[in-house]
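Next come two complexes, and both contain chain A; in the first it sits with chain B, in the second with chain C.
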Partner chain A sequence: MDAVLLTQSLISGIMMGMVYALLSVGFSLTWGVMHVIHISHAAFGLLGAYVAYSLLEYFGVDPIVSAAVSVPLLFLLACGVYQLLIKPITKAKEVIVASMILTFGLAIILENVMVLIWKADPRIMTPTYSSGALIVGPLYFQYPHLVGFGLSIVGITAIYLFLQKTYTGMAVRAAWQQPEAAQLYGVNLYRISMITFALAVSTAGAGGISLALLNSFEPHSHNLWLIYLFLVVIVGGVGNVVGTALAGLIIGVITGLSMALLPFQWVNLVTFGLLMVFLIFRPHGLFKQGV
Partner chain B sequence: MKGKRMKGFSLFMTIAVLCGIMLTVPAAAIGAGKPIVIGGSLPLTGEFAETGLWIERGMRYWAEEINTKGGLLGRPVEFKIYDDQSNVGKAVTFAEKAITVDKVDLLFGGYPGTAARAVMAVAEKHKMVYISMGGHMKSFQQGYAYSFGAPPLMGEWWYEGFFQWLNSLPANQRPKRAAVYTINNPVGLSLQDCIYRWTKYLNIKIVIDEKYNSPLTDATSMIVKAKQMNCDILFSNGFFPDGVTTMKAAKALGYNPKAIVQGIGSVVPAWVKELGADGNYVFSGTVLHGMLNYPGNDKLNAYVKKKYKLGIYPLYFGFGYAWMQTLQQGVTGANSLDQTKIRDWLKTHKVNTIAGPMTFDKYGLPGPINFATQIINGKVELIWPKNVQTKQPVYPKPAWTK
Partner chain C sequence: MEKYRLTAMAILIAMLAAFPFLEPQVYYLSFMFSVFMYVILASSWNFIGGYAGYLSFGHAAFFGIGAFATAKIAAVFDLSPVLTILATIPAGAIAALVALIIGYPCLKIRGPYFAVVTLCFAFVVDLAVKNIEFLGGAEGIWMKIMDVPEKLSRSIMYEVMLLLMVVTLGVAWWLGRSRLGAGLRAIRSDEEVAETMGIPTAKIKIQAFILSAFFPGIAGGLFAYYLTYIHADVVFNISISILIVLMAMFGGGGTWLGPIIGAVILTVVNEGLSTFAQAEIARIIYGALFIVVTIFMPNGIIDFFRKKGGG
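Right, the complex of A and B next:
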């Protein structure tokens, strides 16, 4: 076995896995806290990618800088979407089913809006470092992978610290663990849910930008991204931030090892086979659920 | 409060529904008389939307042109175009619907090859002439009598021109070791035939021959392997997304083979537009090109220049137009909308298209067509055969510029 190939594949796999983790952490949060399976989560991520693409193309703004613009914008947009669409369905008898149907429709609408604005043409985010690499001995650390990895670490850590160290974050956790008791202590469930939803969509934006640095994207790309969301969240455990990060790492390691050791046509089979195995043996994920 | 919210929600949904309707509005009927309706589906959204939209534009340009000239058999033509969302199953459903529910007069060709080859069976069942790119050689060998490739998209022919050009080089200048990465679907696999035949003939050793499944999210390992095994020619037999991922990894990892040969992805306009200089020097093949010296190409180039600010018409714009040209000649030649008469006329007569003159064999195929292309300075140039050459090929490929 060639050590360079193995190490290189692992590096790329882990970095890619962490980007999926960033994209997934918000999806996990809305599912865990609000019981909303947000199918349009990846479409919002894609929207973030398109905004960053346009800012880069027309104003030369680096995607990392534009994340500072698009992430808060997505936060505000998500607050509006929550008030208009999500809040009413949280009163439904079957929130999970209702949320899936509603947000599936929202994803289609968002996709069509993106087609109208940016057309169906595939796009590539090409900042100056898009095809560069940091060379360390025989190993190449591709800059887009490094940027995506860095954004993921920052994004996931920020979410984790928010949940652990801030009053609002603790309220989110309380709402997840004991909603009725949290209400008795003055926690406004709707406000908490709106913040959770908006925060989740914001992280989708950051994840979308990171992913767009690695691969080309089109208005329908969110459908593919959604598959990875489910994969990461199911492996990591619903609502578990640390679990999501670890799931990203694990998926990255498995993908990296598969690409180095197996014929390439087996890679997706192995990665998604993993999902089936987890569903069979640990239907609630590898890690304990909870925020 | 609740009323306001409902009002807002209703407004939002109304706009959304209107947006949806806007995307599916068919072309308006032009001219007098009962229109001839030409139906079918194209991937106007989803994975192949970029290509599907260009095919639609080519078809609509043809319709615009023929309606201005008085129509087909004296009747205006109009399209009934469904969006199959890049889904083969939906393409089949819409073909059935167009024939049995809409009762269209004629069918138009779909995309990609996987959809076209599935619709070929539907067309055969209903005895409807179906002119498309088909789904590579095997799709034309099913014994269908009503399907024609005019021009077809034949993976088996795709690199013929490239290899013929390579054969023209002195043996010591040719690559020696090949890495072949192929997308694991009928389109990708059809490209292998040509590679296996020619590499054997030219004594090029295939040291890596691997298939991958879509989506290809990272090509790092592929490139590391090719680099480690000193492969001096890379065949990236895939579509746009995997082609881009491979090219980006090749550049990032400093992999500089003598030649990179790419399948279908490099012929879509987004390749040069989005990849910029990094998309240069990639070899590929085509059966159609705006610089070919056949009647109609100049007119199409002028049209896309004015309408889309492009120097040359995109390949699939040309396909859409050429298929309709063939259908038009079949209908006018048969002087009828009777499908069997149209089929018989096409089987026994020559048609003239922007891809050149064609006669069809028992499979509905013209003789092999293949031109080698290379992207030079952001343009898809014809490099072989010599009589159609628009630019000298750049070989070996210059090293990546940082």
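Right, the complex of A and C next:
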């Protein structure tokens, strides 16, 4: 095996993994804090990618710049979705099941709206620097990949700092660890849930933009993304931000290396096989600590 | 009361069985065939998912295993049509055997983690079948076509699927009233307490899982023979797995009638929408249906009407 090729695939695995982590962190939070398994999470990420794509194609706005607009917009949209759809089901006997069915419906709607607006053809994000690459010795990094990687690091760090340092973030963590006690201390659970949900959806948007800088995408892509969400969140431990970031890296490296070492059709088999074995032996993730 | 119910059901089954003799168009036979199939899938999923609360998101795997096993058995032994239909029973047994092997480690995991591990299991089986040349690999398998007019062959398959549905629903009826069913319900409400009360939880979970894999395996075999061509993308499709769960939960998990209602409504709606509306619009309405039903009937249709009726 060629050492250069190995290093190259290791590094692209790390980049990919960081992007998976950003895409997953919100999924992990809604699951951990609200007991809502948000099946349309990846579809919202894809929506973010498509908005960025259109802004780039028609107005020439760079994805990073437009993210500053589209991510807050997704935040507002998600607040509306929470009030209208998620809040009514929090009283169901089994919130997890009800939320899965409801958001599955939402994912179908989003997917087909995207087909109607953007057609089913695969798209590629082509910012001005798309053909450029950073060359370090024998290694080669395309600029869009570096930008996507950078955006994910910023996103993950931001959400980590929000949870650790801000008052609202601490309330989110409190609501996760002890909902009743948090309520006694004056935490409004509905407000916290709305913020968590909206925040999660906006990180999905940012993650979608990052992933779109690395890979091509189409309206059905969110199904595969969703599988990776589950993968990363389970390995990282539900509700655990640092765990999610590490799990993203681990899974990115595993897929990166198996792409270099194995025939293409075996890559997914290895990934899912590993996850299965993992789940059987460590169902609560690699890392114990929560949020 | 019981007696009237049984009579009503017997009449309904007889009417369904008589339907092909009215010489309907093949379209209606095909449609009813898929209604029966989904009722079987949702009802048998209910054994483990509804009663015990172990949401399997990989039930398409058993359906697909049954399909491939039937196709392979028929090809290897060069079976006649009647024997091919009978070969779906050992194919179902193979699906049940896989359920035993996979269920042993997986049923120790609870909650959403079980859902994810079964989802992965379905992916692994799908990818493995695609990569194994012996099972047709990426090309799929063709089966020998029944040597009779189309309408007759469709009618035969219709009757066989109906028979399987009646058997499955019979087992579901029995399960709902048996000790096994009571044990599974106890597991659903609190597994620790069930264990303390001396219910052999590990054993009955496996039993329910095996049963819930057996019937989808047979249904998969019949489906394969109905299409006469199978491909991993068709029978291991993840959306079949999800659809099964949705149908059962939509109607009401853990009840006898719930999965039947869910499967019938969703199959009819799906078919109706795709006939009368543009594909994307149809899907959007379909998605909205899930949202509306979950908001207004978060515990399933059955539960909603029971509450209404019982006050």
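Miscellaneous remarks
Rule of thumb we're sticking to: the second predicted complex is superposed on the first by the 287 of 291 C-alpha atoms of A that agree within 3 Å, B and C clash if a C-alpha of one lies under 4 Å from a C-alpha of the other, contacts with A are read in each partner's own complex, and residues count from 1 in each chain.
The rule is simple: a residue touches a chain if its C-beta (ideal position, glycine included) is under 8 Å from a C-beta of that chain, and two chains touch if they have at least 3 such contacts.
Source: prediction; values computed, not measured.
Judged by the touch definition given at the top, the superposed model places A:279 against chain C, while chain B stays out of reach. By the touch criterion stated above, A:136 is placed in contact with neither chain B nor chain C.
By the touch criterion stated above, A:109 is placed in contact with chain B and with chain C alike.
Of the two partner chains, chain B and chain C are each touched by A:88. In the superposed model, A:96 lies in contact with chain C only, and not with chain B. Look at A:184: by the touch rule set out above, it reaches neither chain B nor chain C. In the superposition on chain A, A:268 makes contact with both chain B and chain C. Residue overlap on chain A between the chain B contacts of one complex and the chain C contacts of the other covers 85, 88, 109, 111-113, 115-116, 265, 268-269.
By the touch criterion stated above, chain A contacts chain C in their complex at residues 31, 37, 85, 88-89, 91-94, 96-98, 101-102, 104-109, 111-113, 115-116, 223, 227, 230, 234, 238, 265-266, 268-269, 272-273, 275-276, 279-280, 283-284.
On chain C, the positions that touch chain A within their shared complex are 55, 105-106, 108-113, 116-117, 119-121, 123-124, 127-128, 130-131, 238, 242, 246, 249-250, 253, 280-281, 283-284, 286-291, 293-295, 298-299.
Residues 5, 8-9, 12, 16, 19-20, 23, 44-47, 49-50, 52-53, 86, 181, 184, 210-213, 215, 217-218, 220-222, 224-225, 228, 240-241, 244-245, 248-249, 251-254, 268-270, 273-276, 278, 400, 402 of chain B are the ones touching chain A in the complex. Those residues of chain A that touch chain B in the shared complex are 2, 4-5, 8-9, 12-13, 16, 84-85, 88, 109, 111-113, 115-116, 119-124, 126, 130-133, 140, 142-144, 214-216, 218-220, 224, 255-256, 259-260, 263-265, 267-269.
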